[in-house]
Structure formats: structure tokens, C-alpha cells
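Dropping the structure in here first, questions after.
Per-chain numbering from 1; labels A, B, C, D and E assigned in written order.
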Amino acid sequence: MTLTWSLIIVVGALLLAPLVGGVLRGLDRKLTARLQGRMGPPLAQPFYDFGKLVGKSHSVSSRASVAWAWAYFLLTLTAFTLFFLGQDLLVVFFILAFAGGALAFGAFSTRSPYARLGANRELLQMLAYEPILLLAAVAIYFQTGKFTVHSVLEAGEPLLLYLPLVFVAVLVALGIKMRKSPFDIAASEHAHQELVRGVYTEYSGRHLALIEIAHWYELVLLLAFIALFWAQPLWVGVLIALGAFFLEIWIDNIAARLRWSWMVGASWGVGITFIVANLVLLSVLA
Amino acid sequence: MQQVRVDRGADAFISPGALLKEVELLASEGVRFTTMVCLDVDQEFEIIYLFQRLTLDMVRIRVRISKDEELPSISSILLDAVLMENEIKEFFGVRITNLAIDFQCRMLLSAKSPQTPLLKVRPQSQSLGGGE
Amino acid sequence: MARVTFPFGPQHPVLPEAIQLQLTCEDERVVEVLPVIGYMHRGIEKAAEANLFPNNIFLCERICGICSFIHALCYCELMEGMMDVEVPPRAKHLRVVWSELSRIHSHMLWLGLLADSFGFESLFMQCWRAREIILDTLEMTTGQRVIQSSCVIGGVRRDINEDQEPDVRRKMDAFRKEINAIYPVFAKDYTVKSRTVGKGILPKEQAWSLGTVGPTLRGSGWDYDARTLGYAVYDDLGFEPIVEDGCDSYARMMVRLHEVVQSLELVIQALDRMPKGDLAVTVKTFPEGEGLIRVEQPRGELVEYARGNGTAYLERLKIRTPTFSNIPALLVMLPGCELADVPVITMSIDPCIACTER
Amino acid sequence: MPVMSTNLIKNFFSGPATRPYPVVKREPFPRARVRLVYDPDKCTYCGICANICPAAAITMEEDRENLRISRHYDSFACISCGRCAELCPQAALLMAVRTHEPSDAKVVEHSTSR
Amino acid sequence: MGFLKRARVKSPWILHYCTGGCNGCDIEILACLTPLYDVERFGMLNIGNPKHADILLITGPVNWKNRDVLKRLYDQTPDPKVVVAVGVCAATGGVFHNCVNTLGGVDKVIPVDVYVRGCAARPEAIIDGVVLALQKLEQKNSGGVAYATGTR
């Protein structure tokens, strides 16, 4: 691939991702509503929400929290850019971890106990899903011999055939990242919970909008990562990613929110054992 | 019929001094606290304690005190009476002593609310237990 | 993390009403609870002394909109008892129908809010959708959805006539289908169980001595329901209290779940046995002397005491609502639990602040 | 875990249960008791409604000089209990089924006897 | 700016606070969120956090203890915002008109934009009220940045 090509891809992805992310969120809300026997909001609802937040006055509870919100946004954007440049998966996930950290630190920098406990839980969530993502990257390395997205795209055979258990583990990480039941402990999009809005409690107006758009990038990034599991041809991967997305919505609607100890246990127990088992199996079979 | 028609004087009044003894006795029989009712009768308060037996029927004790008199709290024997005692103290200004938890007449009312709202006749001495 | 004190409420999305729980937490564990109440206090007992005594029906109903009918029923039965009024049998049966319908609506509401408190949104929606069938029935027969205003001293104001009865039965059948679909989710779902089983333990002994009532008491193994005392026509309907002995949030939930089904049967039974006749008798006397009554609300036993003096105004009306006696139990159940369990445990006593503080 | 699934599938395929309210207005139940309608031509200003109203939504005012009685009705205080409609000897009051529209100011209705 | 303006009425997030009513109106507000009335059709979410809210739905006659909480919630809500008083006791005190501990109406404490009548207010009436509130919201201007809110 030439440099111009990859630049075009990156810029295209950067421009398209909010659109795709927003539509996916809209689909999520619509579908959730339909599963609950409701009509639900229009598909464009996330964009309306975004527009409204941008147009609203906002209060700033600490300047640091604003800086951290921007840090979260920019770090997510960096991770996103690197991913679509075909760079190293490990770097991408590390930067994503920093982004999550920024969100938590933003909440820590306020005085609201809800935000602070939300931040605590956000860190716990990272503790739960980051190892999965990193180990998944390692597993990909074992399979393709490289850490880069490029190499995965160039690998002939779909990863899913070799790494099915890793795929399942990544689904768990996706559930946590999408803040869906049973993992929506730090903040939930919808149902009421004990921390009000957790880490978002102290953000309002355009800073909330900023965080929202960063979430869209994050969602697209994760789905793109899932699509990598069937990179040849890519459209199958995209379908698989969409399938995973709908599976998360389904699970959200058939489960209650569980506690953080359960979450960490499940993600480490299930996620990590699955990945390790997969690697062991591969080396035994190979 | 569960309607307990209480005619005046149907159950004996006991003196405030004998209250704790009586409640202790009931508590040892496994009776639990249900509620209490305070009535403002001229210069006196009439307080009705309602308890429930294990057989689920009710026991009543009535106490009459003058408005300046102190009333011992039964919350040391039956803890769940404490909320109702606080309420009576707050609403009537009954001088209840030895409360296990004393909300200082701020359980339901705030500093700006009208104080002792259920009191009809102010005592002559004006020395109410709480609120002011 | 050091100790943090959370003001849980008064405005908080998992608490439908204004109450503040000051939770002191170490990390995620609650070490101390201090409820701050009074955000809903209006002064109803005082206003009841200033109103004409028949008007207190409407005031009592608005102690709380959720068991509004049973509040009105309690007040009316108390006044009738004090004035020796004999209510026509048809009115008694109608009172049972509406009481049980409000019990179902209250329990469904609660089940939904419980689901909401552990983040099971689709289940919340499912419960509230089923509940609308009951609300429709109430609106169709009494004229309003939540505040029925249909009980008066001496009888009832509204009737379920012949054209409506089949419709009511049809609605009950529709509701039975809904509850049959909801029941297994609460009873069997893994995530629901993991959030409720063993949470908020209230030992049998303590349930008694702390003065708890209603499903909170029955969930701890006590066989006590004020309906067995037989007001309205409960003594003719072969009513048996529902008891569970798990002593935890799950047991309390199951009591309510079973009560929904039981109430449904009671409604049908009362409809089957409803005699023809008058709806109300005219009352010409004024209440005099003292009266005391116990009535079972969705949340437990309601105790009302009144003293009249032969005029149109009462001298005192004392209302001891169920949540008032259930709150001490919270202080036993909450310390030591995890913060994530606070909403579930708080909901498990079905706290109704509006009536606690009157 | 999947106990809820059957419900979800049913919900999804049976379509939303939503009443599309402002677009389609549901016919109220014939005996719904929502809004009080007053006919000043039938009213004799006897004052019964004002006496029994639990919310003091109806008040009467006597103008002794001109021998007139004014009646004020505050629909923003009326709790729709229907007591007044039940007791009005002239049937000048009636509970209607339509809901009130929202309003941005509180208005009290007045009427005066001749 | 056209989109931003339209977005404002398309995405009203509500905060619901009960200042001492009887719950009748509160459960009807909750009923509006559930399948039968589903106000999420209009993009409404019950957000539970004043900093994210656009519409305040207030029920109940306001008692002395609640007054300050209500004021604080109002101050914390960023502009533009509208206040809807749901139920007659939020308008005038309704049946609680002679209760000693009530102030009688939300408008005694904060400015109210829309009154919804009914005791309890029916979900239909609440939806109508919110629709009117949205029209008011459209006319309001967005405020600037407010630093350091909370306890002002």
C-alpha cells in the first residue's frame, strides 16, 4: 500500500467513524426499544443529542477535568488513527488504555463522590478488559508473526478459524467497552444506577459531547478490530463485527448489571483462560 | 372483626414511672412495638402505646402526663420505637428523655417549618421539649 | 480509597422519591448508613383535623398515589367502624376488587423498579407494560388511573356493571399471560438471582423485633398478613398469607411475585361472588370516640387511629404507614453490603417515603 | 441467563406496544373522571360545591352590597375527585373525560350571579 | 445553527424530582417512559443528573426541607432549561393546600414555564406538557459558560 492510499484511508475513516458510530448507537437504541416492546427514538437520535449538547451552556467543575476530557478525546483519536494506518496493535491498545485512564482522571479531578467512585470503577473496567485486548494482540502475534494491523490484513487465512476462543474473549471486552449489562458498572447509558452517571456526572454541554464522540470512535475502533478476525475478504469481517454488536445488545437485554467483582472475575476467568487455552491448543496442534 | 373499638378508659392508665417496667415485661413475652399515638388533651398529653403479640393481636398501654412532665423513652427496650418517639417529640413537643437516637426535632421538619405543628394548647410553662 | 460519605439522594435516579441515605463507604463497602428524611413531609395529620371528615378520604388517598385505594379504604372502614355503619355486601366485594388491583399495580411497579435498580432495563419495561393492563382496568372501572377516589364512607361510588365485567375478566386473562411470562425471569434468571439471593439478610428474629411488616416480614418467615383479620370480605375468600423463609432480597421478591398471582385470583373470586345490591348507605352521624384499624397494604400493615368528638371534624388522626416500620430494618441490612447492592437492598423493603412522612 | 429471551423475541415480533399519543389520540374510557365542566347558567350559587371541595378549588365570595355571589374555580387546584359534581343539586357541574391542556400560566375561572 | 436549534427540541433530557407530592404524578411520569407511552420517541431520556438535563419535571407541593434542594437542582441545570410543574399540587398545593409543612406550588421557589393539571396528571397530559415545554425551549437562548457551579 502506498502512503497516499493509507492517508486516504485514515482521513476517510476519521471522517466516517463518527457517522458510523452515531448510526450504530442509534441502531442500538432503536433495537433495544423494539426488544422492549417500545417504539424507540429515531435513528438519528445520537446526532440530535450531540447537537443539543454542543449548543448547551456548560458548567465546568474543574479546569483539569476539561483537560482530561480533551486528553481522552485526542488519545482515542490517536489510537484510532494508528489503527487505520495499519500500525502496531499493542501500541493502539496501550494508547486506548491511556485514553480510558484520562477519562477516569478527569472524574478524579472533580469533587463529586459519584464521579470519583465512577472513576474507580472505570479503572476496574480497564483492569478487566485491557489484559484481554493485549493478550488478544499477543495471540494475533503468535498467529501472524507480527503485531501490526497490516500483517493481519495480509495474512491469507481468517484469524477466526485459528483463534475462536480469543474471539469470544474479545466479545467480553467489547461488552465492557460498550457499557452494556452485565458489565455497565461505571456508568450506564440508560438504566438508572447507583452512581447517577458515574464518570460523566460532572461533565456537561460540549464536554459531554466530546466524550460522546470519542465513544463513537472507540466503538468503531473495536468493531474494526473484531472485523480483523476475518480480514479476507473484509466484508465477512464487517458482518461478523456487526453480528457481535447485535449480540451485545441482545445480552444487554437479557441480563442484569452484575457487580464489579463478578466482572473482573468473568473477564479474567473467561477471557484470559480462553485466550491462553487457545494459544496452548494452537501450539499443540501446530 | 379486627376493628379494635377503644372506649375511653377501656384499658388502664399507667403512671409514667411504671412505663418502663411494664414495657420490659411485655418485651420479655416477645411483644413488639407497633406504634404510638399522642393526643393533646388540654394541659395533658395522652400517649397510647400499641404493641403486637406473637399471636398478632394488640396490646395497649396508656400514659397521661402533664405537658411539662418528662417521659422516659422505651427505645432502650424496643429500639424501633425510636422513630415514633422522635416524631411525637417533634410534633407535640413531648419531653421524651433518653432517646436511643435523638434527631433533635429535625427528623421530619426543617428549621424553617412551623414547629410542634400538632400541638393545640400550649402549656402554661412554655417549656417544651423540642422545636424552639 | 479512604472513607467517603455519599449523599445518596435526595434526588437520585434509583430512588423514585426524595430520601437521603448518607452512606459512608470504604472503597465499595458500606460501613455506615444514616437516613435523612423529611423531604416528603407535608403535615397530613394536621390537615386532617382541619378538614371535614369525609374530605379526609381524598387527603388520605394522596398520602401516597401507589396504594391510594387502600389508604381510602382504611380510612373509610375506620370511620364506618366508629359510626357503626354496615356497608352493603356489593360494596365490600368491590372494595376487595379494587384493593387487589391496586396491590397488583403496586407490586408490578415495584418489581419493575427492582429490575431497574439492578440495571435490567428490559425487565423493568416488561413489568410496567403488564402493569398498564391493571391501570386500564382501574381507569375503566373507577375513572382514574392511580388515584381512584372510589371509596366513600358507607360504601363505594362506582360500580363494575354487567357490560364491564366481561371486559375486566378479559383484562385479567391478558394480565395472567403477562405475569406468567415475567415470573420465570425473576424466579430463575442467573443474573437476577446473583443480585438478590443472599443480599440484605434480615434474620427471622430481627424481622420481628425491628417491627417490620408486610412482604419484608413474610419474606423472613412470619405468617402475618393483616388481610387475615378479615376486613372487607377477605374472611370469606379463603385468603392465606404467602410466606417465604429465605430472609433475603430474593425471598421478599418472591413473596411479592406470588402475591401478584394470588391477588389476581382474589379479584376473580370477588367478581364471581359479587352479590347484587346497593353501592352505599347514607351516613348521617359523625364519628365519636376512638377507633383503631389495621389494613394490609402492598408494603405491609397500615395502622390508623382516630378520635372523634361528635362533630364533622376529627380530633386526631394518626396514620402509621408500613414503610415507617420497615425503615429500621434497612439500618440492619445495609451496613457491610457493597455499594452496588444498596439500591437493591433499599428497594427490597419497597420504601415509600411519601407515606412514611405523610 | 436466557430466560428473558422468549419475552424479547415476542416483543420484537409483535411490534411496539406504544400508543403513539399525540399523533393518535386514544378514546378515553367513558367513565373516566378527569376534568370538571361548569355550566354557570344552571348554577344557583348555593355554595355546596365550595363547602365540600377537599382541595378548596372552588371558593364563593359574597358581595353584600350588590347582593351578588361570585364563584371562583381554580382548575390548577382541582384534584378531580368529582365530589362537587356528585353533590351539586342543579347538575351544573359534570366530570368530563378529556384531559386538560397544559398551560403556561395559572388562571382562575370566575362567574357571578345576577 | 439550524441543526443545533433543531437538535435542542429533538433531544430533551429530563430530570424528575419529587418535592413531596403523593407519588401519583411520579409514577405517571415513569409510566411515560415505559412501552405504552415511550417518550423516548421524542428523544427524551430520564437522566437523573441535573447537569445533563434540559427539562425539569417537578411534582409535589414543595416542603420546607425540599425547597433548597429544588433551588440547587435548578441552578445546576445548564441553560437553556424549562421547568414543568406536573400535577395540581405542584401548581397550587392542590389537596395539600392546608398542610402546614408545604409551601404550595413549585412557582414559589423557582420559575415555572409549564403547568400540567390533573391529580394525578395523566401520561397524555404530561406528554402534552412536555411538548409545550419544548416549544418554550426552542425560544430560549443558550447561556454562556458558568464556572464552578454546585453550591452557589
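Things worth noting here:
Simple rule for what comes next: a residue touches a chain if its C-beta (ideal position, glycine included) is under 8 Å from a C-beta of that chain, and two chains touch if they have at least 3 such contacts.
Computed from a predicted structure; not experimentally measured.
The chains that touch both subunit A and subunit C are D, E.
Common neighbours of subunit C and subunit E, by the contact definition above: A, B, D. The greatest centre-to-centre distance from subunit B, using averaged C-alpha positions, is reached by A.
Across the two interfaces under comparison, B-E and D-E, the one joined by more C-beta contacts turns out to be D-E.
When chain centres are set by their Cα atoms, the one at the greatest distance from subunit D is A. With centres set at the average Cα position, the gap from subunit B to subunit C is 26 Å. Between subunit A and subunit D the centroid-to-centroid distance comes to 51 Å (mean Cα coordinates, whole Å). Chain centres here are Cα averages; for subunit C and subunit D they lie 26 Å apart. In terms of their C-alpha centroids, the spacing between subunit A and subunit E amounts to 34 Å.
Counting only residues that touch two or more partner chains, subunit E has 34-36, 38, 41, 46-49, 63, 65, 94-95, 98, 100-101, 119, 122.
Under the contact definition stated at the top, the residues of subunit A that touch 2 or more other chains are 33, 35-40, 190, 192, 196, 253-255. Multi-chain contact residues of subunit C (touching two or more other chains) are listed as 12-13, 38, 41, 43, 46, 51, 58-59, 62, 120, 122-126, 129, 144, 147, 189, 191. All chain pairs that count as touching, in label order, are A-C, A-D, A-E, B-C, B-E, C-D, C-E, D-E. Those residues of subunit A that touch subunit D in the complex are listed here as 33-40, 250, 253-255. Residues of subunit B that touch subunit E in their complex: 108-110, 112-114, 117.
Only residues 15, 17-28, 30-31, 34-36, 46-50, 60-61, 63, 65-66, 69, 73, 89, 94-96, 98-102, 119-120, 122 of subunit E touch subunit C when the two sit together in their complex.
For subunit E in complex with subunit A, the residues that touch the partner chain are 1, 3-8, 10-11, 13, 34-35, 38, 40-43, 45-49, 51-52, 54, 76, 78-80, 142-150.
Those residues of subunit C whose C-beta lies close enough to touch subunit A in the complex are 1, 4-8, 12-14, 25, 27-28, 115-126, 129, 189, 191-192, 194-195, 338-343.
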